[in-house]
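Chain nomenclature is as follows: A, B, C, D, E, F and G, assigned in order of appearance, with residue numbering initiated at 1 for each chain independently.
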Amino acid sequence: MSEQKSAATILGRRPRVSDRVLKALIFLSAGITVLLLAGILIYILVRGFPNLSWEFLSTAPSTLKKRFGILPSIINTLYMIVITLVISTPIGVGAAIYLTEYAKQGRFIRLIEFTIETLAGIPSIIYGLFGAIFFGTLLQLGYSILSGAFTLTIMVLPLIIRTTEEALKTVPASYREGALGMGATKWYMIRTVILPSSLPGIITAVILSIGRIVGESAALLYTAGSVTNLPANWLTHPASSGATLTVQMYFAVSEGRYIEQGFGIALVLMVIVLLINGLTKVLAGRAGSKAKG
Amino acid sequence: MGARPSFDSELETLNIELIRMAGLAEQAIRNSIAALTNRDKAMAVNVAEHDREIDEMEKTIETRCLKLLLRQQPVARDLRQISTALKMITDIERIGDQAADIAEILMNLKNDEPAKIARHIPEMARVASEMVYDSVTAFTNNDLEAAKAVIARDDVVDDLFCKVRSDLVELIGTTPNKIDEAIDVMMIAKYLERIGDHAVNICEWVEFYETGEYKNTKLL
Amino acid sequence: MQATSQKSFTIQGSSKTKTAIEKFMTVVFFVCGITAVAAVIGITVYMIIAGSPAIAKVGPLEFLFGSEWLPTATEPKFGILYFILTSIVGTLLAIVVGVPVSLLTAIFLSELAPPALYKVVRPAVELLAGIPSVIYGIIGAQLLVPLMSAFETAIFKDDPGHTFTGGANLLSAVLVLAVMILPTIVNVSETALRAVPREYKEASLALGASHIQTIFKVMLGAARSGIVTSIVLGIGRAIGEAMAIIMVAGNVANLPLPFNSVRFLTTAIVSDMSYAAAGLHRESLFGIGLVLFVFIMVINFFVNILLKGGSKKEKG
Amino acid sequence: MSSISVKNLELYYGDNHALKSVSIEIEENKITALIGPSGCGKSTFLKTLNRMNDLVDGVKITGEVLIDGENLYDKRVDVTLLRKKIGMVFQKPNPFPMSIYDNVAYGPRIHGIKSKRQLDEIVKNSLIGAALYDEVKDRLHKSALSLSGGQQQRLCIARAMAVEPQVILMDEPTSALDPISTMKIEELMLTLKEKYTIVIVTHNMQQAARISDYTAFFLVGEMVEFGETEAIFSLPKDKRTEDYITGRFG
Amino acid sequence: GCASTPAAASSEAASSEAVSSEAVSSEAASSAAASSEAASSVDASSSEAASSEAVSSEAASSAAASSKAASSAAASSKAVSSVAASSKAAADVAAKGTGLTGKVTLTGSTSMQELMEAFIEDYKTVEPGVTVECQFVGSGPGITAVTEGKVDIGNASRALKTTESSTLKAHVVAIDGIAIALNPANKVSDLTLGQIASIYKGEVKNWKDVGGADAAIVVIGRDSASGTREAFESIVNVKDKCKYSQELTSTGAVQTAVASNANAIGYISLNAVNSKVKACKVGGAEATDANIIKGTYALSRPFVMATNSTKTLSAPAQAFLDYAMGAKGQAVVKSIGLISKK
Amino acid sequence: MSSISVKNLELYYGDNHALKSVSIEIEENKITALIGPSGCGKSTFLKTLNRMNDLVDGVKITGEVLIDGENLYDKRVDVTLLRKKIGMVFQKPNPFPMSIYDNVAYGPRIHGIKSKRQLDEIVKNSLIGAALYDEVKDRLHKSALSLSGGQQQRLCIARAMAVEPQVILMDEPTSALDPISTMKIEELMLTLKEKYTIVIVTHNMQQAARISDYTAFFLVGEMVEFGETEAIFSLPKDKRTEDYITGRFG
Amino acid sequence: MGARPSFDSELETLNIELIRMAGLAEQAIRNSIAALTNRDKAMAVNVAEHDREIDEMEKTIETRCLKLLLRQQPVARDLRQISTALKMITDIERIGDQAADIAEILMNLKNDEPAKIARHIPEMARVASEMVYDSVTAFTNNDLEAAKAVIARDDVVDDLFCKVRSDLVELIGTTPNKIDEAIDVMMIAKYLERIGDHAVNICEWVEFYETGEYKNTKLL
């Protein structure tokens, strides 16, 4: 073999050309990315910030007064999040539990998982069209927050199922064996061991879903619609049409009338996403640390 | 210590058994000599019977040692203790055999007064049995000095054996009709001399146990 | 300890309530599973039912390979070839532009970044991954399109044959897509790189490989499945994206050349959906949806094969 | 406190004939060791004893496993009760991600004990039984995952003991532990056998020799030899057993 | 100009005090009208500046003056108004007052978004018990929805086609001029219809051919099913012959694109024209309401609120339509820069 | 083929004094075993020998480690060359997820060997040296992960050998393996020491006794005793050593 | 087999050494008797010197066995082989010692014709040395039957010893001046008888090696 000579001593540094080139590329890319990120964030901040005001945040928009307010959309967004999660989380987690813990692993499960994965990649506009027909027309919900929430439920279900499934799969088999070996029934095992230790994953799934709900526009255009009214009745509000922040922003920008205000909403959305991300870490961290110590 | 209580207690048992076996052997020597001096055939028979007990103990200890080797993977002091025990019991068993041989000779002895013929025999027996006792005590007390003292004492036994031998040669010269008895006494002396040797062997193993050296050679 | 188990007991028979709860929960989970599966199947079936009539009416060949999209003409034409090509080319280009940068950034973050920088950049990347795509669209339209327009004017100054797009063209769309998929790919592949067993890194370094060699020869390979997943997610995001690129792509049914205004499958649906009256026009949009669905299915299928094939190669 | 009698047990994982007509009598208050090369079916056999194999898809089992005369594979058997009676300890310590106390109380709670006083007592006694109490008594409500590997394994033993099983199955319980922890667990097992019937899978021949009363040697799904541990390790009847225990296999 | 907006006082979306005070008066429509009239007499800006109490008390007093209600009723109405009554109570009383409750649903043109939002906002002061919801998804779906009976009214920013006319009844609520939007930097400021056609058909590719600078023309249009495009292409007679550089999905997008590109040309609603783009003269005629009404400016289209002729409209929907077509509605039309058909 | 001389080595992980003035002479062509309870610093010491501790943040090392007279911690040292000279095998078999061939060729390629013929030869020789060639020669281009644990570990040894090191460090190389694989690796080590200087960390006392020429006993960062293996295992000088090797620690 | 080649080769070496040691002991017996019959004092000296070699071999084998116990954790046949070896060497060493003792007696012998006095001695020596040879062969050949045959042959030696004894008693009666020589011959006979016993011991260990039973008791 070769290089017998160079092995004789360990002294002497030889910088490697390819290493340097690659390292330079890495730093370049990282630089590009960081600049891009910073650029985008700063751009939104700079263009959005001047629009922020108490009035902006606390009033409904008024065409007649040429006033732009986002309170109704904030409320609608909250409605949308709550309703969607209340429906999708139990079903999604339940389905994930069914798929990983109950169903016999086989071709059928793989097919379902494949389909779920495919659906996760379907453009949301298609969900919107489906939702408009199924919930809007067939179930007579018309344009309403409910209709939108149902549509989003279907949209985030794959996300919740897949993420929860992954979380469930990472629960060590030894926990299952341990619990069953003690004589625990399946449900008891799931309740006491599996769910608590996959909680961080489930929380992540929920929060990712919130992200999708908040960011969604196309699916809601045809289901929840574009109305920005303050709720007249908190109970019946979900039955009426309501634009979320993102939808309102879409209209604000696409009709070209309120581009600056659009950036204002963008900034608000950015803050919300930031909060959500922070929340994810805190909650998942807490759930994780609760499990660990 | 204390992390391997079951092993420790096994080793303790091994020690106790060794002491018991050595005690039996020592007893056998003393009894056989007592039988000789007191002309007590019953006691001689008793010695022969006790020998079976010693044989049994040898097997018991042998088994225990082998099982400990098999199960506990002993190293260092533990290994030396077990292998020393394995070796020692051979000697102790031989001591028991020799005591029994002496007793057997006694049982067949026709003459009434062998005591007179063999005036050094009781002395030899005393020294030999003491050596046996001391050697095992040295082992259980981890007393290297005591072991060395036992080894030194073997010369006493050897000297006594020479004395017995010349006594006998003399005796036969004067009273040829006592040839048979003389030869028997000679044999008894030889057995006692061998017992001394075995005690030395035991002490050499004690030395090994303490130092890892056997007859000045490092074994482990 | 327990009073109940003083005596050895039989293992037969059972507590009724326990079994009842057990059975009940099984049913509950089964129902959840069925609901989810029903939703999944429902939307799949819907896609097929809604999408196939138009394809059938227009004729699959005509639909897929026709290059003219004139839905409101007196003699309407429904050919989506350009949309398909644009989706393929646009996504591919976005991947080609975005993936190397993203991957190298992921490497930077997982292996080379000083902790202080990492603590800032990583949340920023996560933040960008969560930002609604519409925002990318606005920024693209506001910032990128004018720049691109200047660029275009400079290049095609003397080319009378060129149809000026004013900056809204394939390139703009590709760049927006590339930026959009960047956070996703960086996020997921950084996680994958961090998940590479320490043992691999140690083994490589112990053989005398430099850090960079270790990264490129071992860690990337070991994180391959995660990296592929990140790229798949990126492809998914790119191919399914509509709201962002509709603002920057120009939306004319054209060949996907860099400085052409182009229309993607997704933007075709979104832009026409607002105006398409009932009838073949509207149906044909669902047809496009179906094509898109099949598209994603096929990509997923091959990626699955790739991943599984890869892991099979690793295992046996 | 229970004897187990296995008769002509056959087990298939799909087409894989993993256990071939295994018959064995496991005695009360004795430690029975299962040894054999990797993949020979030791764990599989162990798991048939508390029906943990039920969890695997495509398992087919024939033959009888009688515990105190009742067939484990009888249709009327309540697996929950069965597993209460036959506890199990695994290769890797697998405490649940909860407190030490909750780990030990897990089993009793499953089986319906709710009284705090009763649980306290069970937890304490089990931990004492597993020779762990003194080490953890001040942090019963700390997470079990903060314990060392050896402590975790003893915790798992305590957890298994808390439901007062009659048999404890252990699958290579010390193979993930260092020698000192291993010694502790072995000593523990020796004291446990006064109350429990123990079946242990081990790769460590000396361990089998050291602690078990009976040893069964498995080879590709067959039980080649079964007998008193001393006999197996001193004078095995079968050449294959001898080759294996003397490390000359293959 | 927002100053001329009628009923500006109601901009607080049925500001509870105002509504409750007017609702106390038992005379339904007339008193409501009176109160809203009273409110409208206050300048919009001042009404906003004025405390709601002031508005409500004025409304209350005017209500009292115009009704035969006992003074005790007036007093109580004052009491009610001074206590910030809940919107629910207001709604209840309002319902009692007008007798009209329910929901009106509209869907359709995005170009009509501003108009519709203004209508709805204004209508809340007219008929607080009625909820009006309008979706902006495009003329096509609007027509489809109303044809299928899914909504009460479909909005279209184009004239109905003959096929559609059989089932639908068109209500032209306003006329929208179509402005040819040019970048303010463009030298060109007047084009003939023919020139516009040539540009859109791709026959003229450079501004210098129509009197501008030597620069390639960026032709911007709307997506293939836009009502604006439909109207534009049929007036200019370039249907299906256009060579667009960009087909954008909304008026705003076109405006933005033209605003940001010196060589772009596009068409947008006249009322969307702002300082960022300039409206080109067509055949010498300036794009003004007057010229459109006169007919000298050729490019315009109707904003249609279509109803299903096979179905009778619900009362609230009919009321809303009546409002839109009526004087108050038309005032709103004017106020946001569209051309009232009257 | 190299001797290593460690003088007054001190190592801190932050505030944790993990190695306390360790001095030791590692002889050429001998196997030196490091034993001691968990956490005593064996792995840490081993890693100082090829500077794998450099990867850990906050490590502080003083003292000298001389290999053939050159100080490992000299500033001019090229860690790459150093690690080429001092190979390492880890506790868990850690073949790269690539083919058997590529695993072995990894090191040589890193160090610039490109010729296919040369690589073929190195791979073959290394595999032969690691007593694996016969078992894998027909599937050199199959994934290394398809091998059994014992084979994987031998592959890792072959991989380490392929760069022609002079010293091979092994950190508990058999602790994850079954007894039969362990035997094979031990046998391999005995043949390897003819060409290499070997330092091995092990928890298995018998293994240390069986294969090593010298043994060092560590306790909480200190090297308590160092000497010929036979001496250590038959007549240790230090009571703590004896307690540890006879399993009576703690 | 073959998975533990180094262990196997160690065990093989152990066997070879055992055979060599036994060979030396057997040789020593034959040489000492040859010295006796041929009156070859040089040869007697040679025997005494060879004894040192046997002692060394004992230590070597002892060391090897202990190291194997320490390192290889032997079980089953391996453990029996090693413990058998450990036990056997004690006997072989004793055989060597006894041969040396015989040689020593010869060196001091004054009379010229002890051969005549002890006509059975060569026969005894032949049988005893054969027994030694056979016992070790039985061990290395794992031949239980051969071992049993050796044990049976001990009776021949014992009978011969009795014959020698009565011959001597008779002889001394007739020629009392030969007492010294007679006692020497008696001792030689006793040594040979002991050698026979040791061969029996070896065989008993062979039996243990083969069956795990020692003197009909299961040890392991």
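What we mean here is this: contacts are C-beta pairs under 8 Å (C-beta built on N, C-alpha and C of every residue); 3 or more make two chains touch, one makes a residue touch a chain.
Chain-to-protein mapping (UniProt): A = Phosphate transport system permease protein PstA; B, G = Phosphate-specific transport system accessory protein PhoU; C = Phosphate transport system permease protein; D, F = Phosphate ABC transporter ATP-binding protein, PhoT family.
Because the structure is predicted, anything quoted here is derived from the model rather than measured.
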What are the chains that subunit F and subunit G both touch?
B, D
Consider the two chain pairs A-F and C-E; indicate the one with the greater count of contacting C-beta pairs.
C-E
Distance from the CA centroid of subunit B to that of subunit D, rounded to the nearest Å?
49
How many angstrom lie between the centres of subunit D and subunit E, each centre taken as the mean Cα position?
80
Inter-chain centre distance, subunit A versus subunit E - centres from mean C-alpha coordinates, in Å:
36
So what's the Cα centroid distance for subunit D and subunit G, whole Å?
52
Name the residues of subunit B that each touch 2 or more other chains.
3-4, 66-67, 70, 73-75, 79, 220
So which bits of subunit C are touching at least two other chains?
18, 142, 210, 213, 247, 270, 273
Out of subunit F, which residues touch more than one other chain, so two or more?
80-82, 84, 111, 180, 183, 205-206, 209, 230, 233-234, 247, 249-250
Within the complex, which stretch of subunit B touches subunit F?
1-4, 7-8, 73-80, 211-212, 220
Can you list the residues on subunit D that touch subunit B in the complex?
180, 183-184, 187, 190, 206, 209-210, 230, 233-234
Taking the touch rule as given, give the residues of subunit E at its contact with subunit A in the complex, in rising order.
2, 5, 8, 11, 13, 44, 48, 87-88, 91, 103, 105, 107, 110, 113-114, 117-118, 121-122, 131, 133-137, 150, 249-256, 272, 332, 335-336
Counting only contacts in the complex, subunit D reaches subunit F at residues 37-38, 178-180, 183, 203-205, 247, 249-250
Considering only the defined contacts, which subunit F positions touch subunit C in the complex?
50, 52, 55, 80-84, 87-88, 90, 92, 94, 96-98, 106-107, 109-111, 142-143, 145-146, 156, 159-160, 163
